[in-house]
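Have a look at these structures, which come just after this line.
There are two complexes below, and they share chain A, which is joined by chain B in the first and by chain C in the second.
Presenting the complex of A and B:
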């Protein structure tokens, strides 16, 4: 096996950063997320590769919260698009967990399949390499193995890191993985190490058949009851690695401006606000129901997997104690 | 807490049975033991699920907004800070007093279930402050409900730190540039989820300025200019209205020090128009500072 010692981690990141934008899990002030290693400042930031995961999901590497699309100018009668901002920076997301990788696979389904390719997404995605970090000790709110995710065998990974007592195993999975391995070859050594026994998740839920069952549950009273505490704050969707709704907006001054897209959320009133004032999802109930039906029913119907990978984020960020696991159990029992 | 829970259950069951209220809002236990959450009891049987424990931190008065257009009579449990939220709603004409049956609890101070959940998740989320006592409770000026139909427990002393405005004063002594830098740094991390607004009982406008699209007053980019605009506008709208319940800062997923901004507002409103603390008593028809319009106002603009 190829391995590198823990003490060499920063060297590995330095080397990769010479040719790539490397997004690593960091604690930055009160925030935690994947940030560009080149912006790492030892005074404020802490590298947290060895803790379970970070709050802000790595989807930002391929689907940023705010993304400029194109700028335009008015010339006489015409509108000229003078620049399209497709991002082709070479990038590595380093230390992603299985749940977050499966989430990327969901985003791929949405942005790249079924007859429409989103070029903004595709450009980023084609230039992104994933170095996964296998999970041997899931956390209290992790339930990925109930949602078709294997915590120690991440999908889509180009390289898989496996933490052992002295450092990390570097397991190459794809050609892209080979490419970046060449950059750090002198930091790797050959060694046989003992890996820990995978623990599996303690939080379990039975998703089997939930998608089918939901077909007949649009009018079920549970939506009314379970949405009661929901404040429609949207934190659950902004921190979810799979949520991908966006809005396209414009900033313009005088004769010029630009269009950008920005994350949006089905938990917001404005999301379904129509011209003329009608809103089909006026209250928390309709919005809450939509969130769960999309995740557990509609997405599955279209792409054959749920739009929840069991990362657990929405469970511990919800100020009102709403839990998707509880909702799945409730659907099962209904 | 056991006695308080028993009293709340008893009151809720009685009110629901007698038809005095249609819904009774309190808390219930969560799956992890510490993640107590809001609960809406609809029948006397459901009253058994109600609890009051050291994690009953949520300001439930905000939940009343869901019912503002209805006719249901509502029973609700409030701590000191939450009761000030009720005053906020009454003063803002968002709710009729007759529709409410308020059960006040003299509050012993709460822990924050969100912090506990973070800690327990194994995620790299920084947990600021004291896990034993929620940040908002360290600054509590009114643990006893200011408006109620029924009171549970003995009145308690406020739990103020020596100087409630210490952090605000520290910031005030900094130069313009230093302050700008400080706000630029903390506000740049805002993800504009608007959870602070959703959790806030004072944010009770039917159509929020941030949701307006024609015209759009504040851009939706997560850029420093749009972020600052959001926080500036929200600060202006909170001046003289924030009841210091701390929910905004508590729910913020990225730890923005919103209470620092709110305390600056509280201090300024107190100094310029006060002494005044928002929501400390309900007098019908009373108009808090900054909520009155007069034609002969010496200032011709806002």
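Presenting the complex of A and C:
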């Protein structure tokens, strides 16, 4: 086994970030999330490979919160597209958990299949390497193994880290993984180590058959009750590693400007508000129902898996105590 | 299936507005042509395109007609920020365009059938592409009936076609109605669904295609059912807010279907399998 000692973690990150933009889980003041290691400041930031889960999901590496698409210039009636911003920077997401990798697999389904390839996404995705961190002891709000995710065998990983008492096993999975291994070869050593026994999630929910069952429950009165506490703040959608809805907006000044896309949220009224005034999801109940049906039924119908990977972030952040686990349980029992 | 020609499907191509026609006080038809001539892409009746007044905004519109390889037509109602600005542009303005999007009308499977078109307000814009397609391939379709209504005479779109051209086509009937009586109007007065019920067009070998405000569509569907049309004989084209047009941005879903990709055209049979959220 290739391993590196815990004390060498920062050295590993230093080496990798000499050639790559490396996103790592950090605590930054009241925030936690995946941030660019080049912005790491030991006085304010803390590397937290062990936290389950940092709040801001790693999806930004392939789907940034705000992304410039193209710039334009106009002169009188003429308009030209000046530049298209397709980002091909080489990037590593370091310390990703299985839930967040399964989420990337969901994003791949959305952005790379069904007739159109989203070029902005694809260019980032092709240049992103995933260093996963196997979960031997999932967090209190984690329920990934109920949603078809294996916490110790992450999907799509190029390298898998496995924490043992002295450091991390560095397990190479792909050619891309080999490439970055070469950069840190002098920090790795060969050693046989004992890995902990995987504990599995303590929070469990039975999702089996829920997608099919929901087919006949669109008009069920439970949606009224479920959505009642929801303040439609949208925080669940921002911290969700699979939520991928976006808005396209324009910024223009004088004769020039650019168009960009940014994360949007299905919890907002404006999301489906049409120019003529008609809104098919006018009320909070309708938007809440659409969000949960998208996660638990519609996505499954379209892509064959749920749009929830059991990371538990939405349960943790919701100011009103809405829990997708409780909702699944109630649907199951309804 | 006609797919986007551009390499990056979210980046528009620049086209020029070559003509603008005032249809009603708040509807204009814009004819757009590729710089250097021709259409930016081929469009089937009922398909959509994302049109941008580049510094202002982007909006999804039904292509109301493709005139050969010459230009595309969009009949656009002034209802919001972007369409307000669009209505102020002049011939020669460059616009962004991307598409074509959506499935379009099933022009092939409708061949040999009688066609019943039922439109309300700006809802005639998408139907027009199918109506004109039928006239262009007149021998391939049976009897054509068009029922169309608007708030007032002034609000009727495509008046020249409606009153001059279409009624002269072979085996074609055009019925026009306005919501309230007004001076100088001798035609029918009343809402589209009740006019449809009154006319009671036989469902025999007939396909009904409808588009209009969602509330009109809902009533029209009920009336058609009463008239004996089966769910497979009824087609509608829906509208939702859209941003990407390629099934990624999320907002135009009805159930697991995306209007921009799997629609906007659905049979009533398909629609009944979806949540009633449109």
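Just so it is clear, the second predicted complex is superposed on the first by the 332 of 334 C-alpha atoms of A that agree within 3 Å, B and C clash if a C-alpha of one lies under 4 Å from a C-alpha of the other, contacts with A are read in each partner's own complex, and residues count from 1 in each chain.
FYI, contacts are C-beta pairs under 8 Å (C-beta built on N, C-alpha and C of every residue); 3 or more make two chains touch, one makes a residue touch a chain.
Keep in mind it's a predicted model, so treat the numbers as computed, not measured.
Partners chain B and chain C, brought together by superposition on chain A, fit side by side with no clash.
Of the two partner chains placed around the shared chain by superposition, chain B is the only one that A:141 touches, whereas chain C remains out of contact.
With both structures placed on the common chain, the touch criterion links A:247 to chain B and to chain C. Legend: residue contacts after superposition of the two complexes on their common chain; A:334 is shown touching neither chain B nor chain C. Of the two partner chains, neither chain B nor chain C is touched by A:193.
In the superposition on chain A, A:84 makes contact with chain C only, not with chain B. When both complexes are overlaid on chain A, the residue A:228 reaches chain B alone and has no touch with chain C. Looking at the shared chain after the overlay, A:116 reaches chain C, while chain B stays out of its contact range. Applying the stated contact rule after C-alpha superposition, one finds that A:272 touches chain C and leaves chain B untouched. With the two structures overlaid on their shared chain A, chain B and chain C come no closer than 5 Å at the level of C-alpha atoms.
Overlap of the chain B and chain C interfaces on chain A: residues 247, 273. Contact residues on chain A toward chain C in their complex (touch as defined above): 69-70, 72, 74, 77-81, 84, 86, 110-111, 114-120, 218, 244-248, 250, 252, 257, 259, 261, 264, 266, 271-278, 280-281, 286, 290, 293-294, 297-299, 301-302. Put simply, chain A touches chain B in their complex at residues 25, 27-32, 46, 48, 51-56, 65-66, 137-142, 225, 228-229, 231-235, 238-239, 247, 249, 251, 260, 262, 265, 268-270, 273, 283-284, 312-313, 315-317, 319-323, 325-326. Residues 30-32, 35-40, 58, 62-63, 66, 113-114, 117-118, 120-126, 128, 186, 189, 191, 193-195, 198-199, 211, 213, 216, 219-223, 247, 250-251, 253-256 of chain B are the ones touching chain A in the complex.
Across the complex, chain C meets chain A through its residues 1, 3-4, 7-12, 14, 54-59, 77, 79-83, 89-90, 92-96, 213-214, 239-241, 243-244, 246-251, 253-256, 261, 275, 277-278.
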